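In order of appearance the chains are A, B, C and D, and numbering begins at 1 in each one.
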Amino acid sequence: MKQYFSEIYTGGKSLVEGLGVTFKALFQPIVTVQYPREEIDITPNYRGHIDLVLDPEKNTFLCISCGMCEKACPSDCIKIKGEKLEGEKKKTLVLFELDFTKCSLCGACVESCPKDALEFSQEYNLAAFSREAFHFDILKRLEERRT
Amino acid sequence: METISILPPELIRMLIAVIIIISFLFLNAIMMGYLERKIAAHVQRRPGPMEVGFHGILQLIVDGVKLLGKELLIPFKVDRTLFRVAPLLSFTPVILPLLVIPFSEKLQARDLNLGLIFIVSMGSVNVMALLVAGWGSNNKYAMFGAMRAVAQSIAFEIPILLSMLAVVLMCNTFSLKEIVGAQEKIWFVFLQPLAFLIYVIAGVAETNRAPFDLPEAESELTAGFHTEYSGMGFSLFFIGEYTNMFIVASVAAVLFLGGWHGPHLPYGEYLGIVWFFLKVYFLLFLMIMIRWTYPRVRFDQLLNFAWKYLVPFSFVNILITAVLVKL
Amino acid sequence: MLESDFQKKNRFFLNMGPQHPSTHGVLLIVLEMSGEYVLDPQPVLGFIHRMHEKMAESRPCQSFMPNTARMDYVCALPYNHGYVSLVERKAGIEVPRRAEYIRVITSELNRVASHLLWLGAYLLDLGAFTPILYGFDDREHILDILEDITGSRLTYCYYRFGGVNQDIDDKFVDSTRAFIKRLRKRFVIYEKLVTKNIIFIKRTENIGIVSPDMALRYGMTGPNLRGSGIAYDVRKNEPYSIYPEFDFEVPVGEQGDCLDRYMVRVREMEQSLRIIEQALDRLPEGPVRAKVPKNIKLSPGDCNFAVEAARGELSYYLVGDGTGVPYRLKVRVPSYSNLSCLPELGRGILLPDLVSILGSFDLVIPEMDR
Amino acid sequence: MAQETTNFKQDILFHEFNATETDYNQRGYHLEVALEVNQVRKFAQKAYDQGFFLVFVTGFHVLPEETEEGTTSGLNGVYQFARFDRLYRIKGQVSVPEDMSLPSICDIYQGADWHERETRDLYGINFEGHPNLKPLLLSDEDTDFHPLLKEEKKLKSLEKVSWPPEALESVDADTDAKASSTDSIDS
């Protein structure tokens, strides 16, 4: 009998305390943001998909098309091609494609690059209607940034 | 009366009242839906609906339009008649109790001298709708929900009635208007705190609200009795639930919180409705807060709670009340 | 009680899942029921089986790193940790101390994040809506902290053979300390809102009691085992990394019911915070990544490495053949063994109790299916 | 922290089975037990009586070998056990005979139920005495598809994927027990 009443007391008290927590929260400021209207700055260390580094002096890429990133990629999503252009000793990058549908953002390519020619982009708003939209032409993206 | 007119004035009065009440039902569901979402959001420290209208105030209207536009899916092998009747059955009986509730001294569709009993009996029809919905859906989860609803309703009807009886004992009438009239000096909540508490707890259970929302327990039964309903079928249940909440809260306001009584207002016999609504929505606010705070009780615990705690306490309460009234 | 003729005749099957709110993913449990009593719950796995073990056999061991994070996405860093430590043990790579400190700090942060998410999800199973958003609020801070150094929020690929990918800075240390302070305050709220709540206690006390013998027969590990009173924690029993240097307790329960499992996890969060604090205090200077050969050769022979993930003992078992590609990699995941006791545990209980038990096991379905 | 007190050689498991003590820091387990098919159940029973729990059951596929009794199937069953109370991990390995069947231990360790079903999925090893050997991770239609069986040209012989025998002799449990590979490093 004593237990019966003490249970009512402790139980009731715990319920009131719980209500107190939510009631207090009701008047506390909101912690979320309304996403498309407000945006939080993302950290500079964010790892988006890869991009070619733009060398500010030469205004071109640093890539020497050695193919290390292609080899390092666990999912074979990088495809690069270098060609020897006329009058140049080394190969020049002519194709750099990233199949983002397979990419797991592990960063192995960036680490493997001997010239530090790759970086992570800061883009996270990636949505599209087709798979093909995620076959990025990284070289073209660099060209766009150049102009 | 000696002259039989085609439309007696009483009938016209009732018709107008019903129309007002039905339109109020929808308005109440929209308001409650908005309130629930906003309060839940702020309890969880997020803004809630913000897009449609100022602070998302029109969100529920847009949602209603969406629900109207949705296809009424009728699953394979359901009992078609029962499946279609159930939402109506949940929606229609909730109109009737509102006819006898005194919103203010002069705003009452019909003052039945057995008003309280009328409300209780109409309220019990609601569980029929849940049973029919669960039975007709050809879904085991829905069936579970329906069965739980019936057991729960039977268990909690008794403490509700007993707590009401304590008030009736004090003022010797079942007419809601007279009960409110008896509270002019002091509200019954101060004389009958235990009955009030029992009524509120049992009322939350009667309306199938969390923590007693077993018939629709979404983490156990996906959506309980309305698992298979879509579009307007679902929203009729939804409106029915909110109206039930409103009825339970307004009966509480009438029985315990002094109905339309409050500080003096001009045209008090009509504007008493302001106090009435404030009391009702305060109780509804409390019910919403409770929903967003507690976990759900288990089925047998719920029945245990009703039979081992609420019923004995309400008997004791009635006994004490009877003795004191006699003195 | 369950063997009456009526109930024998009126048995039926109920498919709980693969799309059910409280199976936390695509898990199907076929319930043989009588009324609301569950007579025989049989889990059906494999809806998201991806054959990680085959992937491991078909690529160099470095390339398997991203996969490890995708088994248990809620608590990915211990999975990283186990795998890098396994290869380091096999190839005899030595890890700088600072790197080990960073690994421990981030792993423990991830464990706290996992437990916070579990706490919310469990309460959601029991029908309380609000705790999950409070849990998310706190967890979001951890994810922000981890994102700042690892670059991702959920499926981390941060550890490397011989160290970590990126060094931590003062900002990380400060924000971690601030977070620890904040979470300690928040524990008070959780206690008021959840732990003391009478409805919560009634829903978890004496439900789903796992006896120590049963835990042993099914090979349960982690908080689920510790709830039964056995203080088995890989961090203590089979010390790896620099865990022996820290002072922390292994919380255990008493009788192995859902409430004990809950309490163990809550107290484990506090212990994790202690470990993080100690590690931050003693954080040594130095390199974070040792020089390792570009193509790591896995010498012939097998090797095992066990770590304590948020859900229990995670064992990697590797068979090398002298090349850089593992000949065989077995991943022993904790949830798999933990759930396997459900058919025995869930016999003759009510459906809401089954939901309560499932939630208290802290299941991550992709981890079980691999 | 390491439990130097455990003398693995005095263990009953060591005496009754063909067990070898191994270097924990190198391999991550203490005892390697080479089992015969008919010893599996006895071994599991002994391990259970001693208070070990089952970590996992799995297999791996090597080149089939010619022995006196005939060709082996090339499959190996691997059982790992550990203890809750102290650091002690054992590995049992058994060569699966040509009829691709092993005795089931799921009545001794109920937890082995799922591990054996999984091993059947991935390798096609038939566990005799298992009450419910249905596909677990793979779909029900895939009863004959065993993804972890390797192609002929990728198979290696058992010696090539085992520790060289001389490694066993260099074990010095007393001196190495404390210094694990990770915490002996100087910063």
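Brief remarks on what is shown
The working rule: contacts are C-beta pairs under 8 Å (C-beta built on N, C-alpha and C of every residue); 3 or more make two chains touch, one makes a residue touch a chain.
Keep in mind it's a predicted model, so treat the numbers as computed, not measured.
Listed by label, the chains that touch chain A and also chain C are B.
Taken together, chain B and chain C share the touching chains A. Look at the CA centroids: the one farthest from the centroid of chain B belongs to D. Here the chain pair with the top count of touching C-beta pairs is C-D. Chain A and chain B have CA centres that are 50 Å apart. Chain A and chain D have CA centres that are 41 Å apart. Centre to centre, using the average C-alpha position, chain B and chain D are separated by 64 Å. The mean-CA centres of chain C and chain D are about 24 angstrom from one another, to the nearest whole unit. The set of chain B residues that touch two or more partner chains comprises 43-46, 292-294. Residue positions of chain A touching 2 or more other chains: 15, 18, 21-22, 25, 31. Listed for chain C are residues 130, 134, 137, 193, 197, 199, each touching two or more other chains. Those chain pairs judged to touch are A-B, A-C, B-C, C-D. Contact residues on chain B toward chain C in their complex (touch as defined above): 40, 43-46, 140-141, 144, 210-211, 213, 217-220, 222, 291-301.
By the touch criterion given at the top, residues 7, 10-12, 14-15, 17-18, 20-22, 25, 31, 42-43, 45-47, 72-75, 104-108, 111, 120 of chain A touch chain C in their complex.
For chain D in complex with chain C, the residues that touch the partner chain are 1-2, 25-29, 48, 51, 53-56, 58, 60-61, 78, 80, 82, 84-87, 89, 91, 109-111, 113-115, 122, 135-139, 147-148, 150, 156, 159-164, 167, 180-187. Listing the residues of chain C that touch chain D in their complex gives 45-46, 49, 51, 53-54, 57, 85-86, 88-89, 92, 94-98, 100, 215-220, 225, 230, 232, 236-242, 244-245, 284-286, 300-306, 313, 315, 317, 319-322, 327-328, 330, 332, 336-337, 340-341, 344, 369-370.
Considering their complex, residues 12, 14, 20-22, 36, 123-130, 133-134, 137, 193, 197, 199-200, 202-203, 350-353, 355 of chain C touch chain B.
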